[in-house]
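Lettered A, B, C and D in written order, each chain numbered from 1.
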Amino acid sequence: MSINAWLLPLILFAPAVGALLLTLIPENRPDLVRRVAVLVTGISLAGALHAIFHYQTAAGGFQYEVLKPWLPQLGIQFHLGVDGIGVVLLLLHALCGFTGVLISYSIKQRVKEYYIFYLTLITGVFGVFMSLDLFCFYFFYEMAVIPMYPLIGIWGSDVKEEGRVKYSKQYATMKLTIYLTLGAVVALVGLLALYQWTGAQTFDIPTLQAMLADEPLSTAQQRWIFPLLFIGFGVIAPMWPFHSWSPMGHAAAPSAVSMLHAGVLMKLGSYAIIRIALPLLPQGAVYWLPWVASIVVMNILYGGFVALAQKDLKLIVGYSSSSHMGYVLLGIACLTPLSLTGAVMLMFGHGIMTALAFAIIGQLYDQTHTRWLPDLGGLAHQIPFIAGCGVIAAMASSGLPGFANFVSELLVFMGGWDKYPVQIVCGALGVVITSVYMLRVVRGTFFGPSKPEFEGHVHDAKTPFEKLPFIILVLALLITGSWPGPMLRLLESSTGPLVERILMNEPNTAPDSIQVHSPAKPGHASASNEHSEMN
Amino acid sequence: MVEAHSAAAAVGATDPALLALAGKAAWAILLTPLICAVAILLVGIHRKSFAMAAAVGGLATSLICTLFLFFQASQGHLAVPFEVSVTWISLGGLSIPFGVLIDNLSLIMTLVVTGIGSGIFLYSVGYMHDDAAASRYFGMLSLFAFSILTIVLSTNWIQLFIGWELVGFCSYMLIGHWYAKPSAAAAGNKAFIVNRVADFGFIIGILWLWSVSSTASDDRTVHFATLMARLPVLVESGAVPVATLSVIGLLLFCGPVGKSAQFPLHVWLPDAMEGPTPVSALIHAATMVAAGVYMLCRTFWLFEMIPSTLNVILYVGAATAFLAAALGFAENDLKRILAFSTLSQLGYMVMAIGLGGPVAAMYHLTTHACFKALLFLGAGSVIHGTHEQNIWKLGGLTRSMRWTSLTFLIGSLALIGFPGLSGFFSKDEILVLAREHNLPIYLLATLTAGMTAFYTGRLWFVAFMGKGHAHGHESPPVMLGPLFFLAGLSVVAGYIGIPAWLGEHHEAFHWDVALTSTAAVAAGVTISWLLYSKRAIAAGSLVRALALPQSFVENRYYIDDIYTWYVQNIQQKIIAAGCAWFEQNIIIGAVNAVAALAQGLGRLLRLFQTGVVQTYVLVFVAGVLWLITRYLAVR
Amino acid sequence: MDLSLLRVELCVAVWIFVLLAADVFLAPAKKEGLSWLALAGIGIALVVSLQPLPIGPAPTGLFALDGVSHYFKPLFLATAAAVILMTQAFRPQMPQHPGPFYVLLFTSVLGALILSSIQDLILLFLGLELLTFSLYIMAAYLKTDGRSVEAGMKYLILGSVSSALLVYGIALLYGAVGDTSFAAIRAFLASGELTLAAQTGILLVLAGLGFKLAAVPFQLWLPDVYEGAPAPVVAFLAVGSKMAGAVALMRLLFLALAPIQPWWSPILASLSVLTLLYGNLGALGQRNLKRLLGYSSIGHAGYLLMGFAVGTLDSARAVAFYLLAYLVSTLAVFLIVCAATDELGGDDLDHYAGLSRRSPGLAAAFFIALLSLAGVPPLAGFVGKLLVLMSAVAADRLWLAGIGAVNVAISLYYYLMVVKRMYVDAPPSPSPVRVPAASLLALGALILLILGIGICQAPFLSRINLALIF
Amino acid sequence: MVTVTHYVVASAALFCIGLAGVMSRRNVLMILLCVELMLNAANLLFVAYSKAWGNLHGQMIVFFVITVAAAEVTVGLAIAILMMRQRNTLDADAVQSMKW
């Protein structure tokens, strides 16, 4: 049996098994706990790297598929598989998860419980990125949300403003959990409606896609379901005005959780939109996306302006994330191969960048016990390495060429220019705003004269092991940013056909052409056959 | 993957072996500094001497390769333009190459960058010898060299933009090299953000241009050569209206306005003097700020189609030249005077573009790069020797720093356009052009030449000639060497036929223009001599007589204040604070309100839960009655 | 009459006498053993109940041992077993004489077992009364605890009023139909007649069953009784009694009232919405864990009603699955509550502060059980809710499913408030909570079941699909 | 002649009286008695319908109801005694320690 058949389960279940193993390890062995966590996330990372290097770009489509019946009575299958988009996000998550485990070495309290929740969270997110069955998808999606609650509630920190508590961590984590769950259940209703109205008695995404290509839902139905899915998933994306859980959630979370949260969790929303809402509801997408394109401009500009007004480092990066996810949504809304590729690339780039940013802020906070910008300053004297990484993160965030963010934002702009020039111009303005607040952060934190209160007890990442997470993230940004070709080809193999299929559904196109362009893949056809036998 | 293709039609075929070698050399020019930068930042960050050696060696390699190509091309062995490139992004219909375009224009600019750059790198070895973070400095310097070469050798708009942004980053890092100084950190931020604002227009322009560049048969392109061939056809056929192209041109011009510090985005350049002086020389005098002008020359085929945009460029350039020169009058900081002078000279170059003379602009760019780098290095030498930048606290340097003063004098003379020196020739080209096309601008430019002479004279007479109290020591040979080298260049640059190389057949010398400008220069120098050396006129009384313009100039026309006011009061206090208020009270407030609503609704519902059993019975019975009255249906 | 149909009930009935006798003859010091005796009885009944169904024609008459009852009977017995284990864990709080308690429990279980097999309104009434009478006493079992007596009193008065209404409804229905058997009622309704008296009768019967299920507006007794009654009794109320009501309602709706499904469907739908909102909104801001669980149990009744309102076979199966998931999760929760109340010093939420520091395993089990109640994957409750919502969507009641879905998010809030106490707040003392080994074992089994049902749903659903055929 | 309708009306009246009593009387014993009234109203209805339909189902139920009613009163009295012991009152409204 080739490795491809069990690659995805390996990636998925390594952290889960790790979490189970941790339950058996006594609490007074934190080193062992950490080592197990490093090991299992390392296995996942290796698996994700293997997946991305061995993905057959020429063949495209879903690969490394695993198909097992799960709940055959309802047509639910345990169906895993990744296409170009999925494999990239898998890598993103593996990177963030692995570096997050390393960054979490600074957690000293209740280490065992922490890693159990953390690994559960990682499992959930992996599951989402590789699920090809709506049930599987939702299953892992919710699973990824819940561990956030204790992770922030126990190990987080209150968000303070001038010494007063602005958002308590309890408030932040409860809001985050409930908000995301609310979004998820709204999406769930949409998914169920989709399942029902399709009449296919299957949750299998490729099968549904093939069926809907032949017999699409009526336009009215699509127009109903699409906003349910888009808003439901948009909450986690996070789409304006449903974003308010995110900055304070980032701010209250412990650094590794912020990394995962801003780096990966927020991508679940946009990924779900790309994976489910767009291909299954093309007409709904065509109908609603112009509205979305205008709303997300609010994300970009508004998020940027609010970030300008913040003084808590994590809140700044938090609002910046909500601003930058606007580009992702804009790329989706523009719905061209270029913009969609750019959007996914940005999901990757922003994920890594923001993970890096939160790793840095975490290091700062652990040592200085403050994230309040006016209290900081001159830290480049004490922590030159981290300061260097900070400059890199700020520059990546500002869209400096050489980092993945530049390529992706450029692609979004180029791809969207024909459709929504005004929105693109506003988006480009957002880049300017980003550099304003990012440079303010860098200057306020690292530059300026050395402050006596930090001297002597703020320590740089010195050993290679301490530097490792930062180096991994910086390299990921630089490699994909300076030589984006391979990753773009990977993404294009999936985004191209996706957009093509959707645009087939533009009202002015003859419906006959649909069938020509979306032949059901042999694998999927057999999947649906199996399913019909089960019934 | 690497494809080399040469437009060999021009001067016969090139020998294939030479072509291959030239391709390798071209890549080497671009990539050696990058490799050195990476090496320095990765392994040399704590090894100062390695960093210095790598940086200097890297750029020297580039210089050698450039010289090789230059001689091959000038001898006619190598047909230019000549291009090697790889595909950086290829996605659907979009193809963005990354490569090296070698032609006369890029060769001359590459020579400027690598030649003057090598000198400055070498100079830095001395200048930064005692700096603890010299490795980072040299790493950034190497990265800068790569970035500026990316612009210079660019084959397309996107590559140009990439280099454009990267030089901005390097400039940011180098201005803020001494980050412990708050003013340096602030200056770095300012430079980066002002450039970002300008680049906003620039990238929109690029996007727009790209979007209109498709023809029936071909995809859109950002490639210079393709666009150059395609745009006239598109304009003629009406597919791209001239008005659209004019707007695109204006947007593209935003880039140079920021990078070349044209009015009103010039504010960052004086502040950028917070960086180490070699940086000011290389980045903020010779190369990066000239990149805007270079870009306009590189893409002049676009701008020559849109006269209205050229007009805007002309006036912006002229305004910058004049206003910046006036700012030089009131400045007391040695480097800032040079910075205003740089602004003014950049204005000249941009003006030349506006007048339709890219060759003149490029000519002036080259000579200016030589003498302004010389002036800055000289200033650096002064600062290195005296640790003082205020001209009034200097003085008498001709005695203590003889060689520095000599070279500084040569640079100053070249700057003011002393006949026979390089600045004289290049400025003359521009003035001739102005007189041909636009008389008022010509007069303004001549006046500016006089003003240049005045503030340069002031600088010289006060800082170098004045009764010395500053007892500096002369700089080491590693710093003096580049000074001599650049001084030599400043002298000879006017004689080596740069305009001819750039394709302009030199016309007869315009004595009238030359004489007029020389007269203006002479007047400027004389006045400054009278004021500051001879003290024939009391400077104070003159200042009092010109009180209003004086305060206007001293405050730099209040432009900085306007920007500061905007940032502090509009951006932060109204927009950002307003959004934050909206966020806190409306968005978060609405979410909290929903939560409170749920809680409140729960509390309201629980009003039934009185704990009194008979209430419960009552509600029970009421419920039954409600069911009966509501759902009883007669069939 | 074929007594083998009654085999489970007979077992339980016989064991009532065994228990009585043992209670009389056992020395007071050995009364502890009664719980094991009771467990043994349940075990025997459980084995009997798991015997395969006799193959034969669809049963007629008052009582039927069909797929539905065959599915639910083991569940009732398992509930009873869990409640007995809870009494062991709850012992410090219980009176010295546990004998009558087990007798009452068995009587109650007998009522529930009967309800799962009813084919006739008479048996519906009798089963309900048998189930409820014992519960009145059990609710007031802590004779010295004022709140327990108050709970018993409230439950008694509301219960008797509801049974009076139920009986009156049966009388009206009998008047309209002339018979009380489900088959006759079905035939009557199928003929298209639906007199006002019959409608009123049906509504009154629904109100009586709604009382058992705690449907709004018949739910007001529930929070008070949950708060006051002893925890093991609450567990039986929450699981056994509610499930019995649900089975009876299911049988009534699908066997007798099926022809007028379009009539009762909207009624139940509106009750469902009200119940969901009342339960979940009311639970916000509660401070007593048992009271909170009371409101939450009203919320769960809303989902059950939603399944009934949809009125399809799939929805009935979804309800059956939901009940299974609800059973394992709720029993796990109450096992912990029973075990912890004494050591923690009470059953307010604040008493649970820092439980995860004191007993990490117990807290983790509580966490999992609560999340299962909230409906979070990969736990049993999630699948139950999903099935109910799916059945609602399948019947084109998207809005109903939407309200149900939103309530998931609301309910998560108060469950997480419990989690917050356990995981975030500091413990008042570091001493671990001791749990009897048997309860611990049962708890472990329940947690495994919660996970197992949540992850491998297929065998359970197959079992239900086979059992539930109307 | 006395028809079924008369019995129905009478039983409804009886039922309503019982219900009103449950809601208005405060003494637990009185409430239980009123519940008895409601149950008996149902009994009356059963018997009347039994006569009208000419079958014995109704009459059969009546016996069950009577038995149940007796049991109910027994349980009720037991709880009332507990109430009396603890609170020294039979007032149902006085017992409201648990609410909201």
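For the reader, a short list of remarks on this structure follows.
Assume a contact is a pair of C-beta atoms (placed from the backbone, for glycine too) under 8 Å apart; a residue touches a chain by one contact, two chains touch by 3 or more.
Note that this is a predicted model, so its numbers are computed, not measured.
Ranked by separation of Cα centres from subunit D, the top chain is B. Central chain assignment: A. Criterion: smallest distance from chain C-alpha mean to the mean of all protein C-alpha atoms. Comparing the chain pairs A-B and B-D, the larger number of C-beta pairs in contact belongs to A-B.
One simple way to say how far apart two chains are is to compare their mean CA positions; for subunit A and subunit B this gives 37 Å.
Note on chain placement: the centre of subunit B and the centre of subunit D lie 96 Å apart, centres being C-alpha means. The distance from the centre of subunit A to the centre of subunit D, each centre being the mean of the chain's C-alpha atoms, comes to 64 Å. One finds 26 Å separating the Cα centroids of subunit C and subunit D. Residue positions of subunit C touching 2 or more other chains: 153-154, 157, 161, 165, 223-224, 410.
Residues of subunit A in contact with two or more other chains: 178. The set of subunit D residues that touch two or more partner chains comprises 19, 22, 92, 95-99. Across the whole structure, chains are in contact as follows: A-B, A-C, B-C, B-D, C-D.
By the touch rule above, subunit B contacts subunit C in their complex via residues 598-599, 601-603, 605-606, 608-609, 611, 613, 615-617, 619-624, 626-628, 631-635.
Residues 19, 22-24, 26, 92-93, 95-100 of subunit D touch subunit B in their complex. Against subunit A, in their complex, subunit C makes its touches with residues 356, 360, 371, 376-378, 382, 386-387, 389-390, 393-394, 396, 398, 401-402, 405-406, 408-410, 412-413, 416, 419-420, 423-424, 457-458, 461-462, 465.
Within the complex formed with subunit B, the subunit C residues making contact are 153-154, 157-158, 161-162, 165, 192-194, 196, 199-200, 203-204, 206-207, 211, 216-218, 220-221, 223-224, 263, 266-267, 277-278, 281-285, 410.
On the subunit A side of its complex with subunit C, the touching residues are 27, 69-74, 113, 135, 138-140, 142-143, 146, 149-150, 153-154, 170, 174, 177-178, 181-182, 184-186, 188-189, 192-193, 195-196.
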